[in-house]
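Structure below; questions to follow.
Labels run A, B, C and D following the written order; every chain starts at residue 1.
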Amino acid sequence: MQDPQRLRQRYQSIRALSEHICAPLEIEDYQIQSIVETSPPKWHLAHVTWFFETFVLTAYLDGYRPYHPVFEHLFNSYYETLGNAYPRPKRGLLARPTVPEVYAYRKAIDAAMDTLFDRLQQDPDAQLLALIELGLNHEQQHQELLYMDIKYNFSVNPLRPAYRDDLPDRGDMGATLLEWREQPGGVYEIGHDPDGGAFCYDNESPRHPHYLADFLMAGRLVTNKEYLAFIEDEGYQRSDLWLADGWTHINRYDWRHPMYWEPDGEGGWLEMTLGGLRPWRPDDPVSHVSYFEADAYARWAGRRLPTEAELEVVLEKMPVYGNFAEEGVLHPAPATKDGQWFGDLWRWSATAYHPYPGFRPYAGSAGEYNGKFMSNQMVLRGGCCVTPRDHVRASYRNFFYPHDRWQFSGIQLADSPA
Amino acid sequence: MQDPQRLRQRYQSIRALSEHICAPLEIEDYQIQSIVETSPPKWHLAHVTWFFETFVLTAYLDGYRPYHPVFEHLFNSYYETLGNAYPRPKRGLLARPTVPEVYAYRKAIDAAMDTLFDRLQQDPDAQLLALIELGLNHEQQHQELLYMDIKYNFSVNPLRPAYRDDLPDRGDMGATLLEWREQPGGVYEIGHDPDGGAFCYDNESPRHPHYLADFLMAGRLVTNKEYLAFIEDEGYQRSDLWLADGWTHINRYDWRHPMYWEPDGEGGWLEMTLGGLRPWRPDDPVSHVSYFEADAYARWAGRRLPTEAELEVVLEKMPVYGNFAEEGVLHPAPATKDGQWFGDLWRWSATAYHPYPGFRPYAGSAGEYNGKFMSNQMVLRGGCCVTPRDHVRASYRNFFYPHDRWQFSGIQLADSPA
Amino acid sequence: MQDPQRLRQRYQSIRALSEHICAPLEIEDYQIQSIVETSPPKWHLAHVTWFFETFVLTAYLDGYRPYHPVFEHLFNSYYETLGNAYPRPKRGLLARPTVPEVYAYRKAIDAAMDTLFDRLQQDPDAQLLALIELGLNHEQQHQELLYMDIKYNFSVNPLRPAYRDDLPDRGDMGATLLEWREQPGGVYEIGHDPDGGAFCYDNESPRHPHYLADFLMAGRLVTNKEYLAFIEDEGYQRSDLWLADGWTHINRYDWRHPMYWEPDGEGGWLEMTLGGLRPWRPDDPVSHVSYFEADAYARWAGRRLPTEAELEVVLEKMPVYGNFAEEGVLHPAPATKDGQWFGDLWRWSATAYHPYPGFRPYAGSAGEYNGKFMSNQMVLRGGCCVTPRDHVRASYRNFFYPHDRWQFSGIQLADSPA
Amino acid sequence: MQDPQRLRQRYQSIRALSEHICAPLEIEDYQIQSIVETSPPKWHLAHVTWFFETFVLTAYLDGYRPYHPVFEHLFNSYYETLGNAYPRPKRGLLARPTVPEVYAYRKAIDAAMDTLFDRLQQDPDAQLLALIELGLNHEQQHQELLYMDIKYNFSVNPLRPAYRDDLPDRGDMGATLLEWREQPGGVYEIGHDPDGGAFCYDNESPRHPHYLADFLMAGRLVTNKEYLAFIEDEGYQRSDLWLADGWTHINRYDWRHPMYWEPDGEGGWLEMTLGGLRPWRPDDPVSHVSYFEADAYARWAGRRLPTEAELEVVLEKMPVYGNFAEEGVLHPAPATKDGQWFGDLWRWSATAYHPYPGFRPYAGSAGEYNGKFMSNQMVLRGGCCVTPRDHVRASYRNFFYPHDRWQFSGIQLADSPA
């Protein structure tokens, strides 16, 4: 069982961080939903608050009365069992509540949570503490979404604004030689190890045996320069390199390069970042590629993408160390001499997001958290440069559709011994 | 030729009015584009400014340098001959420039215009003065659009905010008896009379003869109560009352009542207004109906819609008097004993928007102002409760697509003598 | 009142002609619906038969029992008051009834009509005879649609089959000099003259006065060569020549030439015809252009399109003579020395399709024949090379959407005296 | 290596069977493509022929000249490396070549294949023989598609025609009690065993170890009656039972029952079959359900779907025996006392269609056969009542999108021991 006092501190710190992330925004920036997959920053701030209000306060705090009768409708994301949610594609149309009103909502919920924490310190309740922990992890996920969505929103504006103009621009650092790590086959235990007692999502359980053949894992992410060679070799024009659905998709939307690359008008490239439009760095890891692109690149390179089990087996031996949100870089960086295992970019796996054998979703409406997305999506592993470090672990399963690429995703190749 | 000093005062007053209209808005409200037909208030404020900058300052003020290199792209509405405009459906995605930046843009252009007016007072230029007058009429049109778009934006928000909560709510005032005005047939002169010297748009000219048979015109607009009888007589369910395209449209979008009516949950109705959600007034003119609905209602009532020439012939004899924006009601009101001829709601005519015989558009890019919209749209006449009074005249031709209804449109019936 | 015996002969001859038109088709050809606007030839043959069955036999022949319980649903085109019609876009999915079954249906209805004609000869009924005449005109319209739809169906097949390979190919005949016909202004009577006693559709009535200014009408249609000059002068690239909706449409669908022109691979053109793919003839009238293209061409040429009243005033003085379906050419031909007034191609007018003052639709479901299409469409006049000659007259109002161009439509310019 | 003479016989017999399947069709039926997923029967007959012409004759028969210059374009399905294929959604628009012309094409290719077989008997070529075997398996797949597509085409016709009216209608046979088969866990070899020498597709290889926990497999398919209980328990209304994409899909298309069920108007059901519209049989296996429905049913039933490895492990021990196309029933039948393991309906697995570890696609353009579809689809196992028996084996991997249901798919439940 979590210590209530420690959890309260963690609550305060995570809640504050969300607001810190939004501090550089103008009021107008809070309002934008540039594609249906993204949400306005204002909505994120309200939705994570709604999560605590609905799942924690309404359920556990005696006498708690909803802050606003319509917020339940406005800020429910997708919990169908809780009633009809406001339509996702129209979140950007909600001028009201205003930004100050949303901050007031946050403050009110934080105050009520404070009351609840008081009671919890007197009378700890393991189930409730676990639920709060889930709410905090949920808010951390939305912190990453905030970065992703802000980057996208700024990128579609012809003015190409910078989210922050004080981010370190490291210049070009040079790429590390690509080394391959060998891993012997056998039956491995996959999934979160319950003995540690640490938090995990329902989809990481239960731990179960899984057979793996011998395999090789690249010691770092694929770089911009390496990916450029694929482009220059007509990679986007050769149908034999692509999955059929991918080929249809890239031609329908005329994709010819990763999402945030832009021609510089002189035969070279620029890259849109959270620091604005910047020179393209050859040795940065290639980022914001879809599964279709990652898969095509791997085929072109004569390798393959790793399975999620392969990634987990390798990651499990590594410290959770790397370029995370705490670094303040907010952009992937070249590998160090120690290799590149966590952070920088989520690694696409070649594995569809499905339940582990014996999977049991959370009870109640929280059961909609993960399980219902287990079709049509692919697993990614390892965390990225906008993920809070303490949100990631080896068994963590992120997931996106194969055509998604506004998340910070990259390519770590695998192979099978000859 | 206009007097430069008087035009300068008019310029200042109209420019100030646009900002006055936006004064009740929160920053967030400036940002919203709820459907592709509407634009964010911020965009309207910038676009009308761009019009002066592009057509007046850049063209006529020696040494004028554009305020911002990208604004030309962002705030061009549809002038294809001026280069590629930023895509209309994405205006709501422009968080930047911010609202204060747009107000600064307005201020800078106003200052440059002031300089230009100084020169004009010394050296009047009839063509330039006419162009400024066009720019002012253009801004007045966008003042009406601001009211229309704000109303729509607020209506789709589940919180149903009020644009202003201090608007007079007159209670129910009782309807005037419907009287019919007879008009003898013959060849009439239609179109703006150039002898008066007053401003008109290119599409109101040239004045030309037009044959009309004897006709009758209703003395006031159709009321909510009258329209409700149509609904209750299964008006929306009877295909024989509808134009084919209208029948398709209302069934596709499941229209069963005017745009801003909402069931009150007890068998009655509420109506969304610029003052928020209000009780439904039986004797208010029915508003925000499409041409398809106006046409179906007229057929059901055994009457017809007037042609635009019939409306002009009647209006030409009336003073431009009625419920306009200056009244501050911002909602249509029941007719007075004198009848209802101007104001309250634009009257749908049964006439497609086409050029008058001998029509000549403005020279240059301003030629795109009106003429290129002369297909697929219907003419409306008479002005409405959010139109500036001095913007309207008997010959004024407003136009919308037959399915549009976010404008303040209503129904004034006509008939032919037995 | 029509003579029953003459009407019976006319019935037999028109019914036989529909089948004659389909004689060159393979069974497979009867089945195709290449776009939603077209219908499979089999469906046309059944639908015109359904019209007689529903409006004539079921209504007037005592004891008549429907041929098949589901045909009512399958072959109703758009008569909403008769109940739910089978969805138009899916007509091409009806493998059954088979072609022989549809011919059997025609035969059965013809037999029942024969019985009805027997009774009519004994006991003539003016209303019923008028209804049969309407049914025959309806079938003639579908004869033209058969040609239009077959041409389109064949054109989308990469094999480019010929509907008939025995059509005369006249070689190139040389264009007639373009002469302009002057017409003085004044108040004209427009619409079908009821004194003649001839058939007309409801939409051609009532005859009514209409004021026209002096105008000029081109003595022939615009030719391919003349239209090519517009293309070569960047006509499809210059936004200032186009209506806004037209500009959007041609860019959305990437239109750069008339519908049936195809590059020949050597810088020249081919043209798809009912006789297959043929050399492009410079002096043939340009055909299968939309209203948007006709309007843009006229603007480029410094002229304008005629109004429908102007066309009617000119046509009324001419004999109904020209290149109609009976010629067996099934393609527009260059003008003769006498000018080109009827036939070859329907002339786009600049007039929206609206009711004449005092318009009254047919009673009952037949009232859906014309009136309900009176929005969003434009009038065309004069008939074309696939129209039966006796189906056309000066007052005949054909109508299509401004973007339609699979009909045989062309351009006859008008102008106003200087 | 295959014996050339035996393969020639097999070739003749499979080619004849395709034509036998089409024998009950009218010419019109050959032409229909009712949804984009289906193809016209005529196209299937031509496409399988094109496969032999392109991959076998053109590649291996000296001096072979293509039968028709455009057929390559028309009948290529999706082999991007062979050049631009005619767009799939427009296959139903190809009236030409006619049905007799397609049969003539088949005959010509069969004659050329005969010549090739003569040469092969003199000079056998293992690679070529394997390619012909692939072509035959390909044609068998299209035999199943013919049945699927014909059923769908007939079902959308309001006349509900029967493909064959002489199919046995077995009446209701009573369901077998549901028994569960236990299977111990461990590391199993999965994938086609190359030692047998039998044909398999590339996607069934290589055989590889796979860890499985103990599991239970239902002894038969879920029945209509069992599925009806799910419907009556509001299965289609309870969001908690569905994957998120499934919930979106069923509500978007308003799915409330399996594809071919129709209300009988008296509270009961009918079912569309290849024998026409028939009484609904409670004990028939529920068929034509999507993965989303199969998954929701399993969740409702408190069980789960099996993985593809679980299905293979069970099937590998069973004889390939069951209700296949050869039975001539062409509809799933209730289980026998021996259980239901092969045939009747393809079983949805809970496994996404991905490459096996070490997967190598065929060389050349044939490499597009399977591998490029390895995203977004789910594996099905076991064959069905319209699959040729000798086309199926335990390792056979069929695949469809989770929303597809026009294939003969059903539900075989699995579970994990408590």
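The rule is short, and it goes like this: a residue touches a chain if its C-beta (ideal position, glycine included) is under 8 Å from a C-beta of that chain, and two chains touch if they have at least 3 such contacts.
Just so we're clear, the structure is a prediction, and the values are computed from it rather than from any experiment.
The chains in contact with chain B and with chain C alike: there are none. With steps allowed only between chains in touch, the distance from chain B over to chain D comes to 2.
One finds 59 Å separating the Cα centroids of chain A and chain C. Averaged C-alpha coordinates put the centre of chain A at 38 Å from the centre of chain D. Rounded to a whole number, the gap between the C-alpha centres of chain A and chain B is 47 angstrom.
For chain A, no residue reaches two or more other chains under the stated contact definition. Looking at the complex, you find that chain C touches chain B at residues 78, 80-81, 187, 208-211, 213, 239-240, 242-247, 291-292, 295, 350-352, 354-355, 357-358, 367-368, 372-376, 402, 416. By the touch criterion given at the top, residues 26-32, 34, 42, 70, 73-74, 86, 90, 92-99, 153-154, 156-159, 161 of chain A touch chain B in their complex.
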